[in-house]
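Remarks on the structure that follows.
The first chain written gets the first letter, and so on, giving A, B, C and D; residue counts start at 1 in each chain.
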Amino acid sequence: MGANGERLLEVRGLKTYFHTQAGVVKAVDGVSFDLDRGEALAVVGESGCGKSVTALSILNLIPDPPGKVEEGEVIFEGRNLLELSDREIRQVRGNHIGMIFQDPMTSLNPVFTIGNQIREPIQIHLGLSRKEAKQRAIELLEMVEIPQAEKRYKMYPHEFSGGMRQRAMIAMALSCEPMMLIADEPSTALDVTIQAQIMELIGRLQREINLAVMLITHDLGVVAGVAEAVLVMYAGKVVEYADIGRVYYNSRHPYAWSLMRSVPRMDEKRERLLTIGGSPPSLINLPPGCSFSPRCPFAEEICSEQEPPLVEAEPGHLSACHFARDFERHGKGVED
Amino acid sequence: MRKGKFLIILVAAMVLALGVAMLYSGCGEEKTEEKEAGAKEGGTFNYCLNAEPVSLDPAQLQESEGIAVGKALYDGLMDNDPDTMELVPAMAESFETNEDATVFTFKLKEGVLFHNGRECTAEDFVYSWNRVCDPATASEVAYHLAPVKGFDEMQAGEATELEGVKALDDYTLEVTLSYPYADFVYHTAHPVTSPIPKEVVEEVGSENFNENPVGTGPFMFDSWTHEQQVVTSKFEDYYGEPAFLDSVVYKIYMEEETAYQDFKAGTLHDCQIPQGQFAAAEAEFGDHALFVPMMGIYYYGLNVTAEPWKDNKELRQALNYAVDRQTLCDVVMEGQRLPAEGIVPPSIPGYQEGASDYTYDIDKAKELLAEAGYPDGQGLPALTLGYNTGGGHEDPAQFIQGNLTELGLNVTLEGYEWGSYLDLIQAGQVTFFRMGWLTDYPIMDNFLYPLFQSASVDNFTMYNNPEVDAMLEEARSTADEDERLELYREAERIILEESPIVPLMYYKTSRVYANNVGGYIRTADDLSPMERVYFIEE
Amino acid sequence: MRLPDHGGPEDLMPGKEQPDLLGPEIEEFELELEKEQIHGRTALWSDVWYRLRHNKLAIVGIVIIIVLFLVAIFAPLLATHDPLYSPLYDSTVSSAEKAGAVKQTPNSEHWLGTDQLGRDIYSRLVHGSRVSVEVGIVAVLISLLIGLLFGALAGYFGGWGDSVIMRSADIFFAFPTVLGAIVIMTVLGPGLINVFIAIGVLGWATIARIFRSSILSVKENEYVEAARAMGASHARIIWKHIMPNSIQPIIVYATMGVGGAILAEAWLAFLGLGQQLPAPSWGNMLSEYLVYYTTDPWMMFIPGTAIVLSVLAFILLGDGLRDALDPRLKGSV
Amino acid sequence: MLIFILRRLYQTVIVVIGVVLLLSFMMTIIPGDVAQMRAPKGATEEMLQNIREKFHLDKPFFSRFWIYLKGLPTFDLGDSFTYKRPVMDIIREGLPWSIKLAIVAEIIIIILGILAGVISSVSRYSFWDVLVTITTTILVAMPIYWIGRLLQLFFSQWLSWLPAAGAPPPGTAFFTGLKYYIMPAVALAAISTAYVARMQRSSMLEVMRQDYIQTARAKGLSNRRVTYKHGLKNGLIPVVTYIGIDFGVLIGAAVLTEIIFNWPGIGHKVYNAVLQRDHTMVIGTVFVLVLIFVFINLLVDISYAFLDPRIRLGGGQEVT
């Protein structure tokens, strides 16, 4: 939410639906947010809330069929990415926006060497020769703190450890000096210690090369040190959007609030972690009113009747709850 | 919707497949008018063989493919006239026989050359016949010379030369038999008895003569690509009329159907007509489709030592009246066979019409069945009718079963593959069986003696009639042709009356040859003499 | 993990897949969708039936199979003629009529025409379905019996028995199938029962392999350990605990195996080693009519289409079953 | 890796000996007296006995088996009963034809099968996909000899484009000779092509939803590059394995094809040999066929390891 820099990306009313035989799955249903140069935004939510689809929609990577971006705009550097031709969007992918994925074990092609895979976008987007591209790839490997880069360059993914692979993925995503990096749960599949290293690396790179980062995670804990703003999603919609401090300490939405309490934290002593009962709703058949209402500990009658709009609970803090403005009082009253 | 489209395509594909099949109905090729005949010298004739020849060594010529090639490479003392099957001299100028048909003296033509250029003399016959009978040669067809004196000693390894074969001089050969056998001279028309040059055998080794055959025939051997073809070329110094053709390539096919396809495509100049296409072939190729009666009989045998056939002549005769040979030949076999009411076919000198009075007469059959003790088939155990699979015997077998069912019998079919079939018949496990008999020589003896003489190994019906045995022996020692044939005829009538077999059909050749070919005939032993064949000027 | 009722042509494919490039969360979401919304419960066989029911190609297969079975059961009622009757054998029929009785093209009297002996092809086709059904079922049962027994012995007990059995399976694999069938049939002689045995015996190795490997994967599971700890007998453990959990690929293979057996009957008949004549079987009919493929090609399309359709049906059902039983199961064609 | 190869070799030997043992036994219990079949018209019992001795038929089963086994390492397979020539000579003549046919069939399988599979996986539910799916399923369901006959009916009988059968005669020019291969190779390849197409399709679809494909797309690669570089190389792995193993099968499984197309190969010969009770021929031929089959399997296993870098060094993964 830091509106202090130069605007890089604007997402407006993004709707991505999947057309299945069981019905239309509204995976992303009207999501809007902004990202400035060098800013780090965390997109948080449970599995199936639409955060990955949002990321894929930005790069127009939604498989069609069955998926389709139905509505909305993704303005990147003044151009609507959704209206670009195939050729043009490919110039953006990997070149201006890099992306890394959750599972480094499977995200690298097992039959090509690491070097080959890093070299590929460099050659394609920057038009470097094979030799130059190799030089650049080795530099990149060094940049992401992979030792013996020259030797590693020739190795296959299966010869790398998980953390190494994710570093290689990052190197690959950053190979063309993109302005923005989308990291889709970059550390989820890794050991806790490695997780921290990877997040640290992303944080460092973001600062050093003024990279805008869209960090997708279900785990608020890991973004604490990196992200400046947080977008909380639930059932394909934005339910809370604010800078990180506000979401952490002054959440205005019961879902985000519960999420905060489901994460173990160093700085707070809690007797037990909160768990959110039930499971995410079917995106085909959303419950009436607020999607979260069946699971919401504070739900009232209105919640299952009317869908709450996304409103400014306080300046710079958006929340989609009927009680957003007086959530603190309302929520605490119930909990204690 | 996608699936709808898919299903529609699926159904459409099926319907289309069926539709194509239905729409197509015999739109045969246009028959081209034959050009005016005019023999042309030269050319290469592609002759169809239906299997790989087992061997090209005369000592191993046993099956029709080997013999077809052998007939072109080798000549013998005598030959059969291609049209009448009567005996005519080949390398022999003439021959004489003594009173009781035990000694034959052949006078040879002079100046007959082997393919290697050397003249062939009586000594070469002596050498070649000895070689055939030598156990070291391991000939499976040495039996052609079995009547020659000294044969048994030779086979047993007790002698190294046939006692009964002598070269009196370069051009006189004397053959003595161990028993009277007037028809022996027919054996000398078989290519197994052809002469081969000793020096070639010694040069290449007896075992390899097969791959390097040299004879006195109208064509010389060039090459043999196993499973593919045998190439022969015209022998310019042939003692008889030299061939018109430059060369004959014997193409080896494993399957009649595919050969027929290639014939139609022009790759082959002749081939067998596959079963089921006789009528169509006749319509398409007219008189180039040759259906010539052959020297063979197709019959169902009854093991007369086994129940229920044993001592029940009426039952056996009933079967003979119950089968509709005419329909079998005309409809099932598409006219490609001749109804057989006797054993010896019409192509054999001595053939008698009406050897039996077995006609299709279901009432008579029923009468006989009742006389046999099984009125309307009651009391008769279920019969099993055996046949060997894969040779086109299925349809006749089913037809016979239908006929016998009509008679009131309970018949099941049992198909065996050839490998075990003969065994089962001889072991008496199959007592009602299909069998065919093709003879090596156009003589009545060759039908009656092997099949019905009580000690013969090929007597599958176990028929044993001392009277018939005596008659057959007598016939063999009768040098006078007419007398001899009369004896055979009588024996045939007796056998038929006793009905150990149900004769069904006489084989016919089923051969087609190309439009641009002349002089092509098919003989009763299912061969085509290549020296008579020529191409016609287009 | 797949969209609940995907029924596109890809259902034919050995390895069933899901829509590509969906993010992981979509897949998880779909799982939820299947479990909760559609089924409400997780009983296996109802799941299977549900998925199968929504696979149109499998339904096509099932329909053909049902028709095949109905035809086989009610063959005598459906046939318009005695499948063995031919006017050629009939002494009351004139010879002119006999000459015209064979190889008639389809007409109102003979719906699919008559064969080379003048018999009604339609009636022979209807009766022939019985042979196909019998061969399919019996041969597969024999394969199952041998294959499951040896597979269970090998997989469950391991050790040298395992080695012996699996090496024997290797031997059967290395043996060219057609040749194996020919040799077995020449040993046994022709006839329907021997066709069952030959086809059945040749199929055991695959089933043993599949069953063994699934037993190996199930064997170490906790519930098996638990059963063993409670002193259950080997037979009981295999039957009660391992079987239900390893049987799925076997069911798929066996279903397709029925189609394979129908096909095998056909080529055995072609080699003259099949069902004894004159009883009609599709294999016999096809090889009989094949003779006339240049003069009367329509004939061979009748048994040919029947064979293809019924084999197709079992393949479609097998594919459908595999997807329905376990969408992730792969490669056991 | 070495241990892996050694283990496979040991299994190979066991399988080969097992096949010979099984086959010898079966040939022994096949009804039908070899001597009887070989004997001339009018043969005596003595002559039959000679034949039996010549072919060792009078000896007990195990001593005959031992005679075989002794000859195997030097490829001394005895003489054919029917052709009276060394079985190995006959195999030497037939095997090249079988292998050549299998190679052409394999080329058809590779080109058509993989192409069809890739096309239908790339454009799922398109016309081509549906066509490929229907064709492949029907092909699998068709008796191979019927496929052969249909081909002959269409291309030889009706259209006269191709020779109905047979191998190219000696001295035929290469391209003319190729015409002889087309139909038998297509018939032989039909079922495998269908399997490969189905396998390739599902393997491609499987690969195309792997994370690394998404990575490749996110790198901004063109669809073509994603499919044919990143997808195909991975998607080919199981297919290549299948094709390799199938090559061994094709050489030995061509019995029906070789009969219908009058191909002078080895499958044809062995079929006739069974019917002729030519024991030495049957056992010798199958021995060579099985040897080829297991050897190719071995090669495939080893080459598989080189195709997939994951196995190259890891060494543990066995392919069955």
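The rule we apply is simple: a contact is a pair of C-beta atoms (placed from the backbone, for glycine too) under 8 Å apart; a residue touches a chain by one contact, two chains touch by 3 or more.
This is a predicted model, so every value here is computed, not measured.
Colleague: If every chain is reduced to the average of its C-alpha atoms, which one ends up farthest from chain D?
Modeller: Farthest chain from chain D, going by C-alpha centroids: A.
Colleague: Write down the pair of chains with the top C-beta contact pair count.
Modeller: Per chain pair, the contact count peaks at C-D.
Colleague: Which chain wins if you rank chains by how close their C-alpha centre is to the centre of all protein C-alpha atoms?
Modeller: Taking the mean of C-alpha atoms per chain, the most central one is D.
Colleague: Averaging only over C-alpha atoms, locate the centres of chain C and chain D and give their separation in whole Å.
Modeller: Using C-alpha averages as centres, the distance is 23 Å.
Colleague: From the C-alpha centre of chain A to that of chain C, how far is it in Å?
Modeller: 50
Colleague: Once you find the CA centre of chain B and the CA centre of chain D, what distance in Å lies between them?
Modeller: It comes to 38 Å between the two C-alpha centres.
Colleague: Suppose each chain is reduced to the average of its Cα coordinates; what separation in Å results between chain A and chain B?
Modeller: Each chain's C-alpha centroid was found; their separation is 88 Å.
Colleague: Name the residues of chain A that each touch 2 or more other chains.
Modeller: Expected reply: 56, 61, 102.
Colleague: Quick check on chain B: which residues sit in contact with 2+ other chains?
Modeller: 2, 6, 10, 257, 260-261, 390, 417, 419-420 - these are the residues of chain B that touch more than one other chain.
Colleague: Which residues belonging to chain D are in contact with no fewer than two other chains?
Modeller: Each of 30-32, 125, 130, 133-134, 138, 152, 157, 214, 217, 274-275 in chain D touches at least two other chains.
Colleague: Name, in rising order, each residue of chain A that touches chain D in their complex.
Modeller: So the residues of chain A touching chain D come out as 56, 59, 61, 86, 90-95, 98-99, 101-103, 106-112, 120-121, 124-125, 156, 158-159, 169, 172-173.
Colleague: In their shared complex, at which residues does chain B touch chain D?
Modeller: Touching chain D from chain B are residues 2, 5-6, 9-10, 13, 52, 54-55, 60, 62, 138, 140-143, 146, 155-156, 225-229, 249, 251-255, 257-262, 264-265, 267, 390, 417-420, 422-424, 426, 450, 456-458.
Colleague: Can you list the chain D residues touching chain A in their complex?
Modeller: That would be residues 210-212, 214-223, 230, 233-234, 237, 308-310, 313-314 of chain D.
Colleague: Could you pull out which chain D residues touch chain C in their complex?
Modeller: Against chain C, the touching part of chain D is residues 11, 14-16, 18-19, 22-23, 26-27, 29-32, 124-125, 129-130, 133-134, 136-138, 140-146, 149, 152-153, 157, 195, 198-199, 201-203, 205-206, 208-209, 213-214, 217, 238, 249, 252-253, 255-256, 267, 270-271, 274-275, 282, 286, 289-290, 293-294, 320.
Colleague: Could you please specify the touching residues of chain B with respect to chain C in the complex?
Modeller: Chain B reaches chain C through residues 2-3, 6-7, 10, 14, 17-18, 20-22, 24-26, 257, 260-261, 274-277, 279-280, 324, 326-327, 330-332, 360, 362, 389-390, 394-395, 397-399, 401-403, 405-406, 412-417, 419-420.
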